[in-house]
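Each structure below is given as structure tokens.
In the two complexes that follow, subunit A is the common piece, with subunit B as its partner first and subunit C second.
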Partner chain A sequence: MINFFSLEAFKLRHKLRAWLGPLLIMILVLIAFPLSIDISQYDLNKFYFSVIVVSLLMISFLATESIFSEDYEDGSLEQIHLEEKDFYKITLAKILVHVFFIGIPMALIGSIFSFANGVSFAEVPKIFVILSISTLILFNVFAFGSALSINKGSMLGVVASLPLALPAIVLLGRGVRTVQYGQGFFEVSVLMAGVALIVTALMPIIISATLKTHLE
Partner chain B sequence: MQLVTASNLGYSINEKKLFHNLTFSLNAGSGLHIKGGNGSGKSTLLRIILGLTSPSKGEVEYCKPNLQISYLGHKNAIKHYLTPMQNLELIFRSSALSEAIKWIHILGLNKVQDELTANLSFGQQKKLALIRVFASESDLIILDEPFVGLDDASRDLLNGFLQKQLASDASLILTSHIEPNILCSELVLSGDTDD
Partner chain C sequence: MLTSFIHRFSSPKSFVEVTALFFPYVMFLGFLCLALGWIWGLAFAPEDAIQGNSYRIIFLHVPASIMAQLIYFFMSICALMHLVWRVKLAAYLIKSAAPVGVLITFIALFSGSIWGIPTWGTWWQWDARITSTLILFIMYLGIITLHSSFSNAEKADRLMSILVVVGVVNIPIIKKSVDWWSTLHQPASISISDGASIDPSMLYPLTISILGMALTMIALGILVSKFYILTREKNKKWVQSYV
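And now, the complex of A and B:
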């Protein structure tokens, strides 16, 4: 498992566009949004979180869009299948590496921008925690979408996985409110972590079966 | 000693039978050359033997447990954004890696070992992909059109390697429109069959 993790990290590290691109787009969106509308700082502080949440959703999809397609197209998945007989480990490794390289930095960027738009410094770590957990859930969900549409274009993946991503967004919204109002953060974050753990354990099984079907 | 047996294999796509009732076995140290026109099901048969595709009928059985298989299909399974050396690091660990590096020199890829694989010619990419087979210890080698894109010297090298493997009791199944210079039995697929 550690071997898969290090190999995936090695590959992603060398694909600059794959991990730096989504992060730059997120920064661009978060900078451009306040500049593009005429709004008071007071109003902006009130709904800037929504911008962070929506950009997190979009960028998570973007970051996982081709998570399996490269290995599928160049024949690496066939070689992995011959050695491993299933794709559970490689799927789990891919998702965790993407979360580590893209998801966590996205959460960090979101936290910094939320601080710049009215959140107190003491609340920033809380924002970072719920954004990080959210990226773990979203990356799992969108990786499933990507596996589903591996040879059919990414639109099918969006359509198939978006309904699964919406509950995660609702949960993230709840988490943001607990930070804003200073109540119930622990309960919501534990709930989110629980959901993330279950999704991370189960989704690779489903994705592995999906990839096997595509390979046939 | 039998290594692989296939019994009553059949495969159909949309009512079209590619092949049916194929029965054959392969002994250790023997080779099988699958022949046939385009679309006759050669690659599909290889994928069925590998377990990548399920047959419509029949089954393939490996007679030896933990059979070590090396496979190179139409797709090279190499990363274009990495150098040949990095590609090998991705595939091989420690001792096998030093064997793979030896093959880089034998195949003349050492001159381009630090260039991006995307910049290599088709033939050079094929040679790099073949190192996966050359540097692995295998009981069974399965190759799909391995000679395509190779120059004469590399073809001779591949023929020599495969002969050596057969002599050391490894088995070989390959498809090729280019006649291999190896002693092996032939299986001809005729394509669409009615009965």
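And now, the complex of A and C:
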């Protein structure tokens, strides 16, 4: 399993566009929002979380868009399938490496920007925790969308998987509210962590079945 | 034993033959129940003490909303059958049920929207139940889009089945949305565990309308699936007798 992780980490580290691109887009979106509308700082504090949440949703999709496509196109997936290697471990490794290299930095960027928009310094770690757990859920869901639409373009993946991501967004919204109102953070974050663990355990099985269908 | 039973009774040919036998009766009963339920509900049921006559849209809205969720549930059972036992007919039924699901979910959303004007003063509210039903509508469209994206029909069937099974997670969310969130949408008026909270004079025509809608949807599903099966199996000998 460690071998899969180090191999996937090596591959992603050398694809600068794949991990740096989504992070830069997230920063640009978060900068663009206050510039694009003329609202007071007070209003901005109220709305800014929504922008962070929606940008997290969209950038998560962008980040996982080509998670399997390159391996599919160059025949690596087919070779893995023919060698009867464990697809589950490979899929899990890919998702976790993407979360580590892109999801966690995205959560960090989101929490720094929330600090820049009126959230107290003490609350920033809470925002980071919630956003990190959310990226884990979202990356799993969108990796599934990416697996479904592996050679059919990203639009199909969005259409297929975005409705599945919306319950995660509801949870994320609830988590953000607990930080804003200062109560119930522990309960909601534990709930989110539980959902994230279940999704992380199950989704690679589903994704493996999807990839095998493409290869058969 | 279960597998052999399923395979014996789930061939497209036997499905078309068996459903052709009872299709007219299902359609007739469905239309009859719908007509009875709607005439009773619209003309003879008493006026609501608070909402006046505007509540009468429940005789369309409630059956449509229930069917929107039930059709997806049916599709998910078919998807499991297709994935586990590789039953070809199950995939055909999913593909045929999806457009019916789109239609009925649209009716549920549209009728709810019409009801929203006199009761809430707005056509649309970003309420948990309404939003989750809209997500269901998009899911149906996503399933149809996914299937139509692949030229290899068998591959499309399997991918569609996987998506349907994963998407079933949204059904309990839609069902329980009115309990889990404080919503503008009212909680369920009819519950298996708590019984009905509405007066029998409204409950009876509503129940008949739900039954009528269910039978009509089954009839519509049979019709759509028959056309789809004949299209997919067009190269088989048995189809020639239907063309």
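Throughout what follows, the second predicted complex is superposed on the first by the 213 of 216 C-alpha atoms of A that agree within 3 Å, B and C clash if a C-alpha of one lies under 4 Å from a C-alpha of the other, contacts with A are read in each partner's own complex, and residues count from 1 in each chain.
We adopt the following convention: contacts are C-beta pairs under 8 Å (C-beta built on N, C-alpha and C of every residue); 3 or more make two chains touch, one makes a residue touch a chain.
Bear in mind that the values here come from a model prediction, so they are computed numbers and not experimental data.
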First, second, both or neither for A:L148, with subunit B first and subunit C second: second
- prompt: When the two structures are overlaid on chain A, which partner does A:V159 contact: first (subunit B), second (subunit C), both, or neither?
  reply: second
- request: Please indicate which partner A:P167 is in contact with in the superposed arrangement: first for subunit B, second for subunit C, both, or neither.
  value: second
- request: Would you check which partner chain A:S76 touches, where first means subunit B only, second means subunit C only, and both and neither mean what they say?
  value: first
Message: So in the superposed three-chain picture, is A:T210 touching just subunit B, just subunit C, both, or none of them (first/second/both/neither)?
response: second
Message: With the touch criterion stated at the top, can you tell me which subunit A residues are shared between the subunit B interface and the subunit C interface?
response: 216
- line: Touching subunit C in the complex, subunit A uses residues 144, 148-149, 152, 156, 159-160, 162-164, 166-167, 206, 209-210, 213-214, 216
- prompt: Quick one: in the complex, what on subunit C touches subunit A?
  reply: 83, 135-136, 138-139, 141-143, 145-146, 149-150, 155, 158-159, 162-163, 165-167, 169-170, 173
Field: subunit B-touching residues of subunit A, taken from the complex the two chains share
entry: 7, 10-11, 14-15, 70, 73-76, 78-79, 81-82, 215-216
Contact set on subunit B toward subunit A in their complex: 50-54, 69, 71, 73-82, 86, 89-90, 132
